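Shown below is the structure under consideration.
Chain naming follows the written order as A, B, C and D, and within any one chain the residues start at number 1.
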Amino acid sequence: MNQTIGQTKPTSLLYLDGVSVSFDGFKALNALSFVVEPGELRAIIGPNGAGKTTMMDIITGKTRPDEGQVFFKGEIDLTKRDEAEIASLGIGRKFQKPTVFESHTVWDNLELALNRKRGVFSTLFYRLTAEDRARIEEILATIRMSPRRDDLAANLSHGQKQWLEIGMLLAQEPELLLVDEPVAGMTDAETAETAILLKEIAKSRSVVVVEHDMGFIRELGVKVTCLAEGAVLAEGSIDFVSSDPKVIENYLGR
Amino acid sequence: MTIKTSVTGAFLAAILSTTAFSGAFAADDTIKVGILHSLSGTMAISETTLKDAMLMLIDEQNKKGGLLGKKLEAVVVDPASDWPLFAEKARELVSVDKVSAVFGCWTSVSRKSVLPVFEELNSILFYPVQYEGEESQRNVFYTGAAPNQQAIPAVDYLMENESVERWVLAGTDYVYPRTTNKILEAYLISKGVKPEDIMINYTPFGHSDWQTIVSDIKKFGSAGKKTAVVSTINGDANVPFYKELANQGVKAEDIPVVAFSVGEEELAGLDTTPLVGHLAAWNYFQSVDTPANAEFIKTWKAYTKNDKRVTNDPMEAHYIGFNMWLKAVEKAGTTDTDAVLDAMIGVSVPNLSGGYSTMMPNHHITKPVLIGEIQGDGQFETVWETPGLVVGDEWSDYLPDSKDLISDWRAPMSCGNFNVATGKCGGKGS
Amino acid sequence: MITSFLMRSFDRSILIAVAILVGLAMLVPALNLLTAPDHPLHVPTYLVSLFGKYLTYALLALALDLVWGFCGILSLGHAAFFALGGYAMGMYLMRQIGARGSYGNPLLPDFMVFLNWKELPWFWHGFDMFWFAALMVVLVPGLLAFVFGWFAFRSRVNGVYLSIITQAMTYALLLAFFRNDMGFGGNNGLTDFKDILGFNIQANGTRAALFAASALMLALCLILTSAIVRSKYGKVLVAVRDAESRTRFLGYRVEHIKLFAFTLSAMMAGIAGALYVPQVGIINPGEFEPGNSIEVVIWTAVGGRGTLIGPIVGAILVNGGKSIFTAAFPEFWLFALGGLFVLVTLFLPKGVVGTAGAYFARRRAELRGQAAETPNNLAVEPMAAE
Amino acid sequence: MYRILQILFVALCLVISAHVVGSRAAEGLGPLIDQLGSAKLSDMDDHITALAKTGDAKVIPVLEALGEGELYQRKSDGKVFLVKAQGADLLLVDPATGAGAGAAPKAAMQKVKVNNAVRRAVRSALGGLTLFSDDTRARLKAAQSMLQTPNADALEAIETAIAAERDGAVRQVLDEARAVTLLVSDRPEDQKRHAIALLAEGNGRNGLAVLTSALATADASLKPDIETAIARIEQTQAFWNAGQNVWYGLSLGSVLLLAAIGLAITFGVMGIINMAHGEMVMLGAYTTFLVQEVIRSSYPQLFDWSLAIALPLAFLVTGAVGLAIERGVIRFLYGRPLETLLATWGISLILQQSVRSIFGPTNREVGNPSWMSGAFELGGLTITWNRLWIIVFALAVFAALLFLLKRTSMGLKMRAVTQNRRIASSMGIRTPWVDALTFALGSGIAGMAGVALSQIDNVSPNLGQGYIIDSFMVVVFGGVGNLWGTLVGAFSLGILNKFLEPYAGAVLGKILVLVLIILFIQKKPRGLFALKGRAVEA
């Protein structure tokens, strides 16, 4: 397997090799290796404490690995960069708990997320151009929130916040999108719509989804990676993974 | 937004109405006296007593029939140990409450803060605390001790009676100790003390951990020469300092400490048994045995309804200042500032230590200097006294830049910093 | 670009506030100087200086609000920037005294003369020129804030930790300025000022002018802060306040965003201090007192943080109350002040202006008949436990 | 020379037949004592010497009373009495006969004036008189006074005493006293050289003082010996000084620990920025004051127990105040830490002013019980009892708190609630109650700290303010939420401060420590012992 990774490194979008990190003696990630190809939609499952969120923390620069390599687009070493830099490189992240700017309107949330210059002075003298306006309108339509554009984010329902956050990630125009449990707490209808939305998004970029909802993952119908105790347990189609005895033992239960 | 305007409006109205309100009270049937002492904050510990003392003095005077046939009325404000607030409150007392004179301030910085106000509004301030000198202002009367009325006699006493040869000058790092120590250093050197026999040490306000410094003092004192500590340590820091002295066994018989800022009030917070024999230099002690003082203490205890309340030097200074002001107003027949300023000079009133204190042309007064030893009961016992009265010297003779300056507020000189070398008013006069 | 940036700042409340301030800047001096003292509309000089002082406090509170209300940085050291600005101005005023000091030394301030200093310390040079002092008024606090913020924000010192080290900063400065060896007059600070720009500092005209300057400067800073918080940058500030890591993951350099606001705020605080000193006539290390910084926070909280008018109202209310109570109830005013802080945090967590604003917003919404839907937007339950 | 022979003679007589001599001299004693009453301060020395010469045992209480200021002269006839205060009156004792002489009002009596010079004369006279006392402690005291004020005249007396001395400790002091005295005498050089060698062995400052002054006057031949002896003593002292600094640092650290430990609960564990913490310390100190007031007026014999009584009371009083504050104000502010700052600041103003209104703005006297007074020597270290007890106390409080939090069910609940309120609540823990008790505990501990701090600091309304910033620094430096961090933080800041102080001075030292803390927080934004983990921030 290592050999294949070695070969895919130059072309793969995201490349993790032998990444380990521990907190106070607890090994959150244990020599994790993981590759995402351009345009791929990937689902990650795994029991609590398997290291899913920690992996995302490492990719987005929030946590530094104790050892191991993390490369983006083949050449860019992510372990040497901080969150803002990595975000600018084109990696977006959605948190487990929906995090939007509650005291801003839906529109402002998207405007802030828009992929424009983000320095102090460029934001200070920023004026909304027709182009930006059109882009925001477009995203609003995509996430089906056009009528609520002037509402404060604080007043959105839980599901709407999740969507707004996805919309913000779209506005960021990332090449790789990391999505942590996007359908937690959603109704079935919302879940279904979210699956459609993610598939739509994945057409133009790579997406990594962490999710517990097996139904949702089945709906996505993509390659699945199962993590346990900080390392990859199994990888493949949902049917392949869910029939793996180790996965059943560790995660799905009998 | 309407809220904002209405709030501001209401507030403006409130301010103006209090102004008008107190203005309305400024009827002609009373003479107002301002009391500008901190009642809260760090200085409340010292200043509150002075407020009470002033209220008592005014009360007593009213029992005697007031002044110029009118009752005296005290106006108390709280500048809260906040120096700019002192200026604000002084301005309020003079221009809103229209007081005839203000008794107040403790720290030098509070006095410095209000000086321009009294100058601008031409009113009178009585300042009752020992201070560093180097100042003489037309509108201020300094009833506390100048350095020559406290520090220098104390050092003389130690040199003569205790044959001290080695000196620790320990003080809080602010202007009074700095200046006093500069003066003392120059004075000691002029008396033949070698510079290496003088140790100067400054600590911050409210310093509470004295272990290192007390042990340094012990070390400095073990060089085979009689050593004494001259302490200009201020206020709150004294209690932990003395507690540390007592515990480390620094006895007065071996290394006496003479303090300029420790009075009866400060000792009230201490068990003084281990401190017996340490010294203080003041112009008044509660233990002074005169009928006037006995009367004063009796009135004070009755007024505060507390048998344990002590009296101290700044209280006596207010007593002197207040009586001088009464006399000057009577002499001038009016409370008008200019007339009172003229009448003040030369006024002589009894002090509490059995003599008379006189207001000199430099706005400082004559006082006896007493050296007292701390007793087990928290009082001082006078062990030495200047033979006569000492005139407060505002411009020290031991500082190079002030030795040529004098002050005389009588016409025609009317100058606070006349240079005798150049013969001109205004410092160097050049 | 600049005009459009500034034009953005004017909404109704800001316009009214600016109008009031400009009006005061003209009216108060006029009423003070042009009416006779017994005229019913006469404003005594005493009140002119007092209100001038309040306005500088208001500016300080506004500066704090920019970082606390909008960016969530609770600085407990803003009085330090205020004091530094004040010291810069004080040094200019000291140099203006020239040979009129007690000792008549043309170069050295009095406190240096009697402590036997022979020459002017290097950092006192240049302060005889107003432009230089004016520059230092913004540069020194700005630089300190920049350096301090650079380290603190880069290492992601946050929340309570940041508040405590800002306290440490102002406390260290307090101790440093108390030291006479520092060359800033020790505990007594700088006093006995005579002239400012050639005008007698005690003249009524100068006082009125200083009042007007304070009012206009406050108006100007209000416009500026309003423009800032309404720009995209302002939205980023609020975003940082509400969800710092989200902002970071969007690609914003949070440390730069914070640093700019912090530095700018410190500069405004410095200006406030510079206007404060000539009006109260003294600057001393007491201004660095950690408690002072906490008080500024309280003014802002009382008025309403996160609103621009709030801190101004809060500063004037609290200080006005202090002025009245210290004279009316000298023994008990601390109870009133302490009680006020407790009650405001308990019952008006959004401050006077914030609460009133929310109330009026609700009323308007009701009038428009959308009561049911109106997001009771900013109004978090006043006493939301947990 | 005559005088010391006299003393020696007297001393010997005292040992052999004190009674005979005593009664014989008694007739002359009365007038001699009465002379003290009317003498000038400058003549007192001679009168004291004359009294000492009589060698009468009755002189000892008279001189002691003189030193203590308990000798009074009757204004009417100039007769001098030993007195004891009894209410407003003075109880008189005739010094010559030791018999009671009735009582007299204070106004009728005048205290015999003493100053430091008189006290010194008394001390050395008593030293001579009690050098042969039966009481070991009196002999030790006498030997020490001989050591402190070397007087060549007393040399032979000391030597006689050494010969007679059986007690090792006294003997050691006497040997040192002899060496010191020898140096100021005109004894031959080799004896002096011997004395110098003896002094160089010890580490006493007395030796250093005598040697330094002897250096100026000594013969050229002796000078090298003295110089090496001085160098040697200084070397030992330098060694001990480092130890002394560590001790000072530990003791400062223990004060910081005491001040901060309550805050480590209310701020560190509960997250309340409790600006009223200092006022809790102050209330504890005032409780001590009240306890001592009651004891002084009603049960003076219990004074040494005053702190033991004050401790639980202070804990209860401040704990109750803390409980009231939590129930009345803070419980509405959980989850809004910065707002607890504003409210508690208001509370601290109110508490300060309340205390000022009730007790007055001035310092209140809190005495040291005898077991907390004075100092003892440990090698070259001077260790004051009060500091030692405070260190012990601070560590004891720390240990007790640690035990409470880690080993009891209450502690478990406290930790559970502060870590996850909702889950704790769903598990049946009454969270509001636990919150209140935790806050009360933190406040109560602050109150106990106040009892200890009343022993070394002012008891005034401002007491708390002096500690609040330092306490926060300690907790933040150590790492919020970690008690061990508070312990290590307090002691390391204390020691750092004390090592900087000799070089930088007290002020600059403190500034440096603050700057170092600021820099340290940049390096470790969560303090010395940060809690690590995934903990996603909001």
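To be clear about the criterion, contacts are C-beta pairs under 8 Å (C-beta built on N, C-alpha and C of every residue); 3 or more make two chains touch, one makes a residue touch a chain.
From a predicted model like this one, the values you see are computed outputs, not experimental measurements.
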item: Steps needed, at minimum, to go from chain C to chain D via contacts; value: 1
item: Contact-richer chain pair (by C-beta pairs counted) among A-C and B-D; value: B-D
item: Centroid distance [mean C-alpha coordinates] between chain C and chain A, Å; value: 43
item: For chain A paired with chain D, centre-to-centre distance based on mean C-alpha positions, whole Å; value: 65
item: Averaged-CA centre spacing for the pair chain B and chain A, given as whole angstrom; value: 72
item: Where chain B and chain D are represented by their mean Cα positions, the distance between them in whole Å; value: 31
item: Set of chain D residues in contact with two or more other chains; value: 352-353, 465, 507, 510, 536, 538
item: Per-residue multi-chain contacts in chain A, two or more chains; value: 95, 99
item: Multi-partner residues of chain C (each touching 2 or more other chains); value: 175, 178-179, 243, 245, 331, 334
item: Sites on chain C touched by chain D in the complex; value: 74, 148, 151-152, 154-161, 163-165, 167-169, 171-172, 175-176, 178-179, 243-245, 290-291, 294, 297-298, 301, 331-332, 334-335, 337-342, 344-346, 349, 383-386
item: List of chain D residues in touch with chain C within their complex; value: 271, 273, 275, 329, 331-343, 345-350, 352-354, 357, 421-422, 465, 469, 472-473, 476, 480, 507-508, 510-511, 514-515, 517-519, 521-523, 525-527, 536-538
item: Contacting residues of chain B [partner chain D, same complex]; value: 39-40, 42, 44-46, 48-49, 161-162, 173, 201-204, 206-209, 211-213, 215-216, 218-219, 221-225, 236, 239-240, 243-244, 246-249, 252-254, 256, 265-266, 268-271, 274, 276-277, 373, 375-376, 378, 381, 383
item: Complex interface listing, chain C residues touching chain A; value: 1, 4-5, 228, 231-233, 235-236, 238-239, 242-243, 245-254, 256-257, 260, 375, 377-378
item: Chain B to chain C touching residues, read off their complex; value: 1, 3-5, 7-8, 11, 14-16, 18-19, 39-40, 76-80, 82-85, 87-89, 91-92, 95-96, 107-109, 112-113, 115-117, 119-120, 134-135, 173-175, 178-179, 182, 202, 204-205, 399-402, 405, 416-417, 419, 426-430
